[in-house]
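Quick heads-up: structures coming right below.
Next come two complexes built around chain A: one with chain B, the other with chain C.
Moving on, here comes the complex of A and B:
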C-alpha cells in the first residue's frame, strides 16, 4: 500500500469514458422524461401525432429557448438577468414605433437587435462596472424597460408592420419546419459550440466555479460577464423580433412573465442556479419538455393557470429529486 | 489575575482510562481508503498530538470524531461506553468540540451569540434569555482571560480573538474533548504563547485535547502523547517523552527525510524586475526592490506586515497609489492579473482554496486556464493539447491524483498547490511569486516544493518567496527583504542573514549593543 504511493505513477487522462459519463448524466434522464411525455401525449390525445400540430407546438418554446441559451451561460457564470421579458417589450415597442413611421423590415430588425444590445449593455455596465448584484440590477431594469414601453404605448398598440416582417414568426422554411424552429436549432448549435468548444466557454465555467481564482488566473472576469449580458440582451432582441412578427402587434404587456419561464427552462435543463455547472444540450431538451407539456395539456383543454401550476411543480420536482435520491441512497 | 478554575471532574471516567477511544475506524471514499483501521485514545487532562502528512487521514478522523462523517467500520467509545455519532449534534452532546484552523463562527453575530449558538439559555416562552447569556459569556471569557465584550460583533475581531471565542464556545458546552486543528496556523508569536497558556488551563480542568499540527516545536512544547498516521493507517502512538523529532519524522514518512534544503549555486543574472516607490493608502509605503534572473528573493515579516499586499499589487489585484514597475527596464503598467500574466509575472496565492485552485473544474482545466491561448486554435478548445500540457507539468511536479479530469477539489492541500504551480509554469513566466508556498502542507510535499523552487531558479526564473517560516527563508533565499508595518525594514544578504537579524528587524527591535 505504502510502496505504491512512493513509486511515481502515471495519471490517466480520464477516470470515466465520455460514454459512461453520458449514461449517468442529467441530460439523459431529461431525455427519457421528454420521450415519456411525448408518448403520454400521443396516447392522451388523438390530435397530438399530427405534423402541423407538432409544428405549432414548437412555437411554445422556440422564442423562450433562444433567450434561455444566453441565460444559461449567464447563470453558469454566477449572474442572472431578470429583465429579458422587459427587453422584449422595449425592443418590440421600438420596432413598432419605427414601423409606424414607415421603416422597412431590415431597419426594424436592426432596431430590434440594437435595442436588445443596448439594454444588455446597460445591465452589464451596472453589474460589472459598478459592482452591483445582477439580481437587484435586473429586477430594477425589468420595471424600467417595460415602464418605458408603457409610457410610449399606454393602452394603445402598434400594428402597422410591413407584410414581409411577418416571415420571422409565421414563415416556414420547408413544409412544417418554421423559420423560428430553424433559427432555434441554429442558435442551439452556436451556443453549444460557444459554451463547450471555445476558450470563452471554459472561462464562463471557471468564473462560475470560483470567481476569485478565475481572476487570479488572469481571466478578465468583468469583460466576460459584460459580454454575457450583451448576448442575453441580443437574444432578447432576437426573441422580440420573432414574437412581434408572430403576433403582428406590440402591446406593452408583450411577453409578460417570460423571464421566469426562461429561468425555469435553464434550471430544468440542469444548469446550477448557483453557477458553475450546466450544458446547452440540457437546455435544449428542457425546452422540448416544457413545450410538450404545455402543448399536451393545451390539447386536453387544461386551463392556463393549471399549466403554470404543473410547470412550477415540475421545476421543484426536478430540483428536489436528485437530492431525495442521494439522501435515500446514503 | 484571578484563576477561578472550577476543576470539574468527569466522574464517569476512571482514573488512567481514556475518555475517548476510537477502535479500528475505517472510512472509504470513492477510490480512496481514507482511514484503514485506525485507533486513537484521548486521556483526560492530557494533550495528544495527531501527526501525519497531508492526506494521512487526520482531517477525516476529525470529521468522524465530530459526527460529520460516519465511519464504515470500527467503534467509538466515550468513557468506555460505545456510542454512534449520527450527526454533529450527537458528537457535541457527548462533549466533543472542535476548533478549526479557520474558525467556523458567524461574523454577523456577537461574541456572546457565537459562544451560545445552538444552546442559548432560555427564559420564559422559550425565548433567549439575553441577560443570562451575556453574564455567562462574560464569566467564561474571564475564565480564559479574554478581554472581549460579549456584545462585540465577531467581524470586528482579529483571528486570534476569534480563536478565543471558539475556545469559549468549547467551554460553554462543557466539552470533555477539545479538538484543535492547526490552531496556530494564522497566529502571531505572542498569540501562540497565549494559546499555549490556554491549553495548559484546559488540561488542568481535566479536558482531553487532540492537537493537530505540522510544527514540531509546537508539538514538543505542549503535547503529552502522540499518535502518528500514515496513508490512512495508524503507525504509532506513545508518550512524547519517549520520542525524538527524528523518530516522529521517520514514522510519518516511513523513511528518513533529508531535512536539509536543496544545494544551490548562486549565480543571479540580469535584473528582471524593479519596483520603485510602491505605496498604498493603507497597506504599504515606500517599497523599492529589484529582482534578478535565477534569484530567490525572500520576503519575511510578521503576519500583517503587508507582504502579500505588495505582491498582490505587483500582480495587478490591488492598485498601488504610487510607484512604478519596470520589467527588463521598461515601465510596465499592470492593472489586472491578466496583464501581469502577459508581462510574465505570476502569483501563487497563500489561500489555495479561494484564490488558487478553481474548485469544481478538473485538474487539467485548472492547469490550462491561463494558457488556453496556446492549447486552442482560433479560440476553439483542443482537449488533446490540454491534456498533453497538463500532463507535462503535473508529471514534473509529481502530482498524485486518480485522473487528470478529476475535480481539483478532491485533492489534498499539497497536491492542489502542485496544480496551482503547474498552472503558472505552463505560462512560461519570467517572475514567479510564491506566497507561503509550503504553509499547511506535509514534510514530503514541502521538500518537493523546495527542490522545485531551486530547480526553477537554476533555469533562470526569478523567484519571490513570501514566507513566515525562518528555516525556509534562510534555507532557500539568496537575499531577504524584511517587512514591518507596511515598510521595508531591512534587506539582508550573506552573513547578515541570521535568524536573529530576521526576527529583530521584523519585530522592530534594534541591533544588539
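Moving on, here comes the complex of A and C:
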C-alpha cells in the first residue's frame, strides 16, 4: 500500500519495566486526552454533566466502535475493509425488505447478521482465494454493496419495522444504560479476549508483523484473514441492526462515510495502518475520545462539519506529534 | 501478440464493445457530437485520475482530491462573487496554486514525517471539507453571483470542443510526455517498483512522493475551478465521494495499487470507461441507481484480470547467465 521503507525491528537487550512501558504507552496518552476533553467539556457547557445527555452521547460512537473492534484485528493483520458502511446499507436494505413483507424481529436480526457475514465472506474470498489487494477489492465492493441498495430502493425508503425491533437502538437495559452501550461493552471485552488472550490473537499479530514468517511457523494465514473478513462483515451486520433500529428507517445512503470514521477510530486508537501493532483498549478509548469531541462540540453549537476538522487534525496530530518529538530529540 | 494481451488493449476492446452494444440500439449515442459531450463530461474525472495515477505509482494514495477540488472551487467562486473583475486567467492560476499547496501539505506529511499516505489524506480530506464550511459559513455561491466570464470559460468552444474537454486532452498529453520523457516520470515508476533500489540509484523516495502529491493537488485545484464554473454552483458537499471514483478509474485502467505498474493510457481508458457507463445508463433507460453497482463490479473484474497479467515481474536481463545456472543445476 504505502510502506516505502521497511523499518528495522530492533530487539532490546533488556525489557522495559511494566510501569515504564505503561507510562510511555499510546493508550495512556489517549486516556489523558480523553479526560482532558471530558473536563474541558464539563467546564464549557453546563449541560454536559448530565446522565441522560452523556448516555445520548454514547450513541455517537457505539455502532462505529462495534465495527472498529473487528476492523482493528483486520488492520493489525495487514488488510483493510473499506466496504463496512456499504455492508450496513445492504444489510439494512435486506432487513427492510423482509420487514415490509411481514417478517418478525428475530428473522430480521438473522437476516441482518447473515447479510453481513455473506458480504464479509465475499470480500474474504476475493482477497484470500484470488490474492487481490484488500484496499482495491473493498473499494469495489463498497460501490457494489451500496449500489445494490440503490438498485433495490432508489430514492425510496423502508419504514415499516415491527415495534419491538426498536429495542436494539432505542432500548435501555437499566436506567440510562442503553442496550447499545451494553452490547458495545460486551463486544469490547470479547474482542479484548480474542486479540490479547487467545492463540488466534497471537496469530493475527504474527501475520501483521511478518506474513512469510507466520506462514513458515505453521499459521494458516489465508484462513485467519478470511475469518477476520467474516468478523468485520458480521460486526457491520450488528451495527446495521442497531443503526436501523435507532433510525427506524432504511435509505440507501444510510451510514455514508462511516468507513472512514471507523478507520480513523482504529488508527487513533494506536493501531498501525501498516499492520502488526495495536490494542483493543486503545480503540475503546479512541471511541470515547471521538464520541466526546463530537458531543461536546455539539453542545457548544459547533456544526458537525467543523467537528470533522478536529477529528482530521487529531488523526494526523496524534500520529505526527510522537514522530516530530522523536525527530526533535534526535 | 503482446499488444493484444496488454490490459490497455483489453480495456480498449471492452470500451469498443460497450459502445457497439449501445449503438446497436441507440445509434445516436455514438454520433460524434454526443461522444464529444461524453468526453467533456468525463474530463474532470480524467484530469483527477491522471494526478491520482502518479500518486498510486509511488505506492501512495490520495483520498483528499475531491475535498481539495471542492475547497479550491469554493475559494474561486467566492473570489468571483466578491470581485467579479478579476480575470479568469488569474483565477485559473490561483486554483492551480492553491490546489498544489494543498497537495504539498499531503506530500510534506508523507515525506518528512513518513506517515502512511492513506492516514494523511484521510485526515486532510476531512480538514479541507471542514475549511470549506468555515470560509463559506455553509452558504452556497449560486450562478447569479458569478460573472459571465467565470462560468462561460469552461464552456467556450475552441475548434468544436469546449475548453473543459481541451483541458482534459492537454492534461493527458502533458502527463504522457512527463511520464515517458522526464527523469521525474521515470522516478515515479522507480520509487513504486522498488523503493530500496530507487534509493541506491540516487532517487529520493520521499521527495518523489512529494512531487506526486503536489501534481495531484495542482490538477485537483484546476478541476476545482472548472467544476464550479461548469455547474455554476459552489457548496460544501460538491464532488462528495468523488475520490473513490477517481481511484476506481485508475484501478480499472490497470494501475497497480502496489505501485510501479500501469500506464497513462490505461488511466485514460479507465476514466473513459466509467464516463461512458455513466452517460449511457439514462440513454438505454436503466435507472441511474445502477451506476454505483456497475462501477463496483467493474473495479472487481478489472483488478481480478490485472492480477492475472501481473504474474511476470521484472525483466530478465541476464538470460544467458540464468540459462547457464539452470543448466548447471539440472
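Brief remarks on what is shown
Following the convention adopted for this analysis, the second predicted complex is superposed on the first by the 315 of 330 C-alpha atoms of A that agree within 3 Å, B and C clash if a C-alpha of one lies under 4 Å from a C-alpha of the other, contacts with A are read in each partner's own complex, and residues count from 1 in each chain.
The criterion applied here is as follows: contacts are C-beta pairs under 8 Å (C-beta built on N, C-alpha and C of every residue); 3 or more make two chains touch, one makes a residue touch a chain.
For clarity, every value in this text was computed on a predicted model and none was experimentally measured.
Of the two partner chains, chain C is the only one that A:126 touches; chain B does not reach it.
By the touch criterion defined above, A:276 reaches chain B but does not reach chain C. Of the two partner chains, neither chain B nor chain C is touched by A:102.
Within the superposed three-chain model, A:206 lies in touch with chain B and out of touch with chain C [touch as defined at top].
Within the superposed three-chain model, A:144 lies in touch with chain C and out of touch with chain B [touch as defined at top].
Of the two partner chains, neither chain B nor chain C is touched by A:46.
In the superposition on chain A, contact is made by A:309 with chain C only, not with chain B. Once the two structures are superposed, chain B and chain C can be ranked by residues of chain A touched, with C on top.
Overlap of the chain B and chain C interfaces on chain A: residues 1-2, 5. Chain A meets chain C in the complex at residues 1-5, 126, 130-133, 135-137, 139-148, 150-151, 154-155, 252, 256-257, 260, 263-264, 267, 273-274, 303, 305-306, 308-309, 311-313, 315-316, 319-320, 323-324, 327. In the complex of the two chains, the chain C residues touching chain A come out as 59-61, 63, 109-110, 113-120, 122-127, 129-131, 133-134, 138, 191, 195, 205-206, 209, 236, 241, 244, 247-248, 251, 257-258, 287, 289-300, 303-304, 307.
Residues of chain B that touch chain A in their complex: 31, 36, 230-231, 233, 254, 315, 317, 336-338, 340-342, 347, 349, 354-361, 364-365, 369-370, 372-373, 376, 379-381, 387, 391, 394-395, 398-406, 423, 427.
Every residue of chain A that touches chain B in the complex is listed here, in rising order: 1-2, 5, 8, 10-15, 193, 197-203, 205-206, 208-210, 212-220, 276-277.
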